[in-house]
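The following pair of complexes shares a single chain, subunit A, combined with subunit B in the former and subunit C in the latter.
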Partner chain A sequence: MNKSFKKMWWKWLGAFLVIATILAGFLIPLKPGIQSIYPQSTAAGQTQEFKIVGYNTHFNDAENNIYLKHLDDVWICTDLIKVINETELRAMFTIPSNLKLKKEYENFSLVINNDKDGYTLLPDALKIKSANNGIDRIKQCEPELTKVVALNFPYRNQLKESIRNQFFHVPMWFAMTILAIVSLIFSIKYLRKEKLQDDIKAVAFNNVIVLLGLMGLATGMLWAKYTWGAWWNFDIKQTTAAIAVMIYLAYFVLRKSITDMDKRARISAAFNIFAFVSLIALTFVIPRMTEASQHPGSGGNPGFGREDLDSTMRMVFYPAIIGFTLIGTWIAQLIGRYFKVKHHINLNE
Partner chain B sequence: MMQVWTLIKKDFLLDWRQKHAVWAMVLYAAIMIFVVYLAFLEIESNIWSGIFWIILLFAAVNAVTKSFMGESDKRQLYYYSLHTPTTLLTAKLVYNVLTMLFLSAVCAALFFLVFNNKIRNLPLFFVTLALGAISFASCLTMVSAITSRAKGNATLMAILSFPVIIPIMLLLILLTADAYQGKTFLDVSENLMILGAIDLIQLAITFLLFPYLWRD
Partner chain C sequence: MKKWIVSSLITLVCSSLAMAQDAGSDDVLRQTGKLYVAVGVLLIIFIGILLFLLLLERKISKLEKLIDN
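Right after this comes the complex of A and B.
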C-alpha cells in the first residue's frame, strides 16, 4: 500500500459505496407482489370469479395455488385457476355457506403461492360477509407455501419501484444531519481558537449541507409526486426540511453582508451555532408532535425499520448513509481547499 | 444587578420620551388586525391562532429590531467600556421580554375586541402568550445583535430570524389552537414542556455566544 492510498482510503470507500448504492438500488428487482383483486367483496355461500393482477410474477411459468385467509383460522382454496398471462389470472372461489365470522364483515388476505416466485400476500385484499350461523374455523385444504431465497426488494402496493428512492432520499437527509453536526463542531472550534481555517471548513461543510438538502428535497418531491399525488403536499416534514435549508441559505446571506474577514467568521459561527437549536427542533421535535404527516414513522404510519425495511434493503440502506456522508465530506474538503487558495490569493494581492 | 436595572431604566426612559414609537407599534398591530378582520370577517380556531401569531411576529420583529440596531457605534463602545456583555444582554433581554408582554397583551385585547373572545381555556392561552413573549424576545434579541454587528438592515433581520423562529411559532400556534378548543393543561403538557426546553436552550446559547459577538 502506498502512502497516498492510506491517506485517502475513505474517499475510495465513499465513492465505492455510492456507486454500489446506485447499482444495487437500481438493478436488484422487486419481489413478486399482488397489485389488485376485483371484486373486493363477497359473501358466505357464494361462488365467484376474481380478477387478480400481479407484479413481477410468473403465473405462466409454474404452478399457482391461491388462498383466501383470515388470521390463521380460515383458509379458503380455489376451485379453478385460469392463467391469462404472466401477471394476470382469474381465480374461482366458493365461500363456504357455514362460515360464521366474528363481525358481519371481515377482511381477508389473498395468498398466492407460485413454485417459482414463492408465496406473496396481499393483506386485507377483500371483505367477506359472514353467514348467520356456522363455524369460525375452516380449513378447506392444507396450504402449501414455498419459500424462495432470492435477492430482491420488498413489493409495496403504494410504492412499487419507487421504493428504491429509500436508498437516496433518506441517506441524503441522514448525511446532511451528520455534516451539520460536523459544521457545528468547526464553528465552536473557531470561536474557541479563532483560526480562520476552521471557519473555512465550516463554510465548506455548509455548502455541502445546502447541496444535500436541496437534493433531499428534490428526491422527496419526486417520491411525493408518485405516492401522494403532488410535488408539494405541505406535509410537515417537507415544510420543516425546506425551512432547514432556508436557515443555511440565510447563513450565506449573513456572510455576504459582512466585509471584515474575522468579524464575518465570528458572527457567522455564532449564527451557525444559534440556528442549530432550531434545526434540531425542526427536524426531530416538530414532526413528531403533529399528527398530519404522511411520512413513515409519524402520525400512526408504520416506520421504516420494522417490516418495511427488510434485510436486503438494510444491506443497501446503511452503506448508502455512510457513502453519502463520506462523499459529502470529500466535496467539502475540495470546496475548503478552493476557499483556502482563494483566501491566500486575496491576501497576497 | 444595579447596572442591569440602570440599563433597563435607560431603555424605558428612551421609549417613554419617544412615546410616538410605542404608539406606532400599537397602531401597527391594530391596523394589521383590522386588515385581517376585513379580509376574513369570521375565522376559525386554526386560522385564529395562526393569524394572531403572524401579526405578533411582525410587530415583535419591528419592536425588538431596534434594541441593538437603534444604538450608535459610539454608544456601543461606551457600553463596552462600562459593562460586561452578560449585563448588557440581561438588560436588553429583560426589557425586550417586557416589551413583548406588553405587545402581546395589546394584540390579544385587540383580537378579543374585533373577533370576540371565543377561547375556551383562557389560562392556557395566557400561559402560551407569556411563553411566546419570552421566546420571541430571546430569539429576536440574539438575531438583532447578530444583525447589528453585520450592519444589516430590517431585511437581513427578517431573513435571519424567520427560519430560526419558525419551530417556536409552530408550537405556539398549536398551543393557541388547543386553548381555543378548550383543551386542558394536562392535554398539552408535553408541548408546553418542549416549548420551555427550546426556550431554555436558546437562552443558554444566547448567553454563551453573546460575548463573542460583542467584541469587535
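Right after this comes the complex of A and C.
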C-alpha cells in the first residue's frame, strides 16, 4: 500500500459512496401503488363501477383481486374487473345492503392483490354510507394477499419518485450537523490551546457548513414546490433551518469585521459555539415541539418511523450520509490547506 | 488560460441554471411521477459544488498572483 493511498482512502470512499448513492437512489424502482380511485363515495346496497389508477403496477400481466376493507371487520370483493392497461382498470363492487356501520359514513381502504406485484393498499380510499340496520361484520370472500420480496422503495402518493430526495436533500443536513460538531471541536481546541491552525480548520469546516446548508435549503425548496405546492411554505423546520444557516453566515461577517488576528480567532471561536448550540436548538428541538411542521418527525415523533423509511431506504440513506460527510470533509481540507498557505505567505511579506 | 477556464465554468453553470429553469414548468417536473424533482435536486447539489470550486479557484489565483509578485 503506497503512501498516497493511505492518505487518500477516505476521499475515495466518500466518492464511491456518493456515486453508489446516486446509482442505487435512481435505479431501484418504486413499489407498485394505487394513485387514485373514482368515485370516492358510495352507499350500502349500491352496485358501483370504480375507475382505479395504479403506479408501476402490472394489471395485465397477472391475475388481480380487489377488495374494499374497513378495519378487519368488513371485506367486500369485486363482482367484475375490467383491465384497461397495466396501470388502469375498472372494478365493479356490490356493497351489501345489510352493511350497518358504526358511523353514518366510514372510510374504506382499497386493497389490490396482484400475483406478480403482491398486494398494495390505499388507506381511506373512499367513504361508504351505512345502511339503517344490519350487521357490522361481513366477509364476502377470503382475501388472498400475496407477499412478494423485491428490492424497491415505498410508494407514497404525494411523493412518488421524489421520495429519492431522501438520499440527497436529507444527507445535506446530516452532513452539515456532523461537520458542525467537528468545527465545534476545533473551536473549543482553539480556545484551550490558542493554536492558529485550529482556528483555520474551524473556518474551513464552517465554509462547508454554509455550502451544505445553502444546498439543503435550495434542494428543500425545489422538493417543497412539488409536494407542498410552494417554494417557501413557512414550515417551521424550513424557517428555523434558514435561521441556522444565517447564523453560520454571520460567523463570516463577524470575522470580516475584526482585523486583529488573535482577537478574531478568539471571538469567532466563541461565536462558533453559540452557532452550534443554536443549530441544534433550531433544527432538532424547536421543530419537534410544534405540531405544525410538514416535515416528518414533528410533534414529538421520531424523525424516521418505519412508514417513512423502510429497510431498503435505510440501506441507501446511511451510506449517503457517510458519503456526503466525507466529501464535505475533503472540501474543508482543501480550504484549510488554502488558508494555511495564505497565512504563511502573509507572514513572509 | 486561467480566464478561459473561469469563463467556460461560468458558461457551464449558467447553461445548467437555464436548463433548470426550463424544467421549472409544471409539465416536465410532474411527469413520470415527479422523477425530475429528484434529478433537479441532484443538479442543484452539483451546481452548488461547482460554484464553490469556482470561488476556491479565484482565491487560489489571487494567492498565485501574490507569489508571482
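As a working rule, the second predicted complex is superposed on the first by the 342 of 349 C-alpha atoms of A that agree within 3 Å, B and C clash if a C-alpha of one lies under 4 Å from a C-alpha of the other, contacts with A are read in each partner's own complex, and residues count from 1 in each chain.
By definition in this document, contacts are C-beta pairs under 8 Å (C-beta built on N, C-alpha and C of every residue); 3 or more make two chains touch, one makes a residue touch a chain.
Given the structure is predicted, the values throughout are model-derived calculations rather than measurements.
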Query raised in the report: Overlaying the two complexes on subunit A, which is it for subunit B and subunit C: clash or fit?
Result: fit
Requested in this report: Please indicate which partner A:286 is in contact with in the superposed arrangement: first for subunit B, second for subunit C, both, or neither.
Outcome: first
Query raised in the report: Thinking of the overlay built on chain A, is A:233 touched by subunit B (first), by subunit C (second), by both, or by neither?
Result: neither
**Report entry** Touching partner for A:130 - first (subunit B), second (subunit C), both, neither
**Finding:** neither
Query raised in the report: Between subunit B (first) and subunit C (second), which, if any, makes contact with A:267: first, second, both or neither?
Result: first
Requested in this report: In the overlay, answer first, second, both or neither for which of subunit B and subunit C A:164 touches.
Outcome: second
Requested in this report: Using the superposed model, measure off the angle between the directions from the CA centre of subunit A to subunit B and to subunit C, in steps of 10°.
Outcome: 80
Query raised in the report: Now for A:338: first (subunit B), second (subunit C), both, or neither, which partner does it touch?
Result: second
Query raised in the report: A:222 contacts which: subunit B (first), subunit C (second), both, neither?
Result: second
Report task. Once the structures are superposed on A, label A:172 by its partner contacts, choosing first (subunit B), second (subunit C), both or neither. Result -> second
**Report entry** Least Cα gap, in Å, left between subunit B and subunit C after the two complexes are fitted on chain A
**Finding:** 23
Report task. Spell out the part of subunit C that touches subunit A in their complex, as residue ranges. Result -> 29-30, 32-35, 37-38, 40-42, 44-45, 48-49, 52, 56, 59-60, 63, 66-67
Requested in this report: Give every residue of subunit A touching subunit C within the complex, in rising order.
Outcome: 22, 25-26, 30, 55, 159-162, 164-165, 168-169, 172, 211, 214-215, 218-219, 222-223, 226-227, 331, 334-335, 338, 341-342, 345, 349
Requested in this report: Using the touch definition up top, name the residues of subunit A that touch subunit B in the complex.
Outcome: 191, 240, 243-244, 246-247, 250, 253-254, 257-258, 263, 266-267, 269-271, 273-275, 277-278, 281-282, 285-286, 289-290
Query raised in the report: Mind pulling up the subunit B residues that touch subunit A in the complex?
Result: 142-143, 146, 149-152, 156, 159-160, 163-168, 170-171, 174, 190-191, 194, 198, 201-202, 205-206, 209, 212-213, 215-216
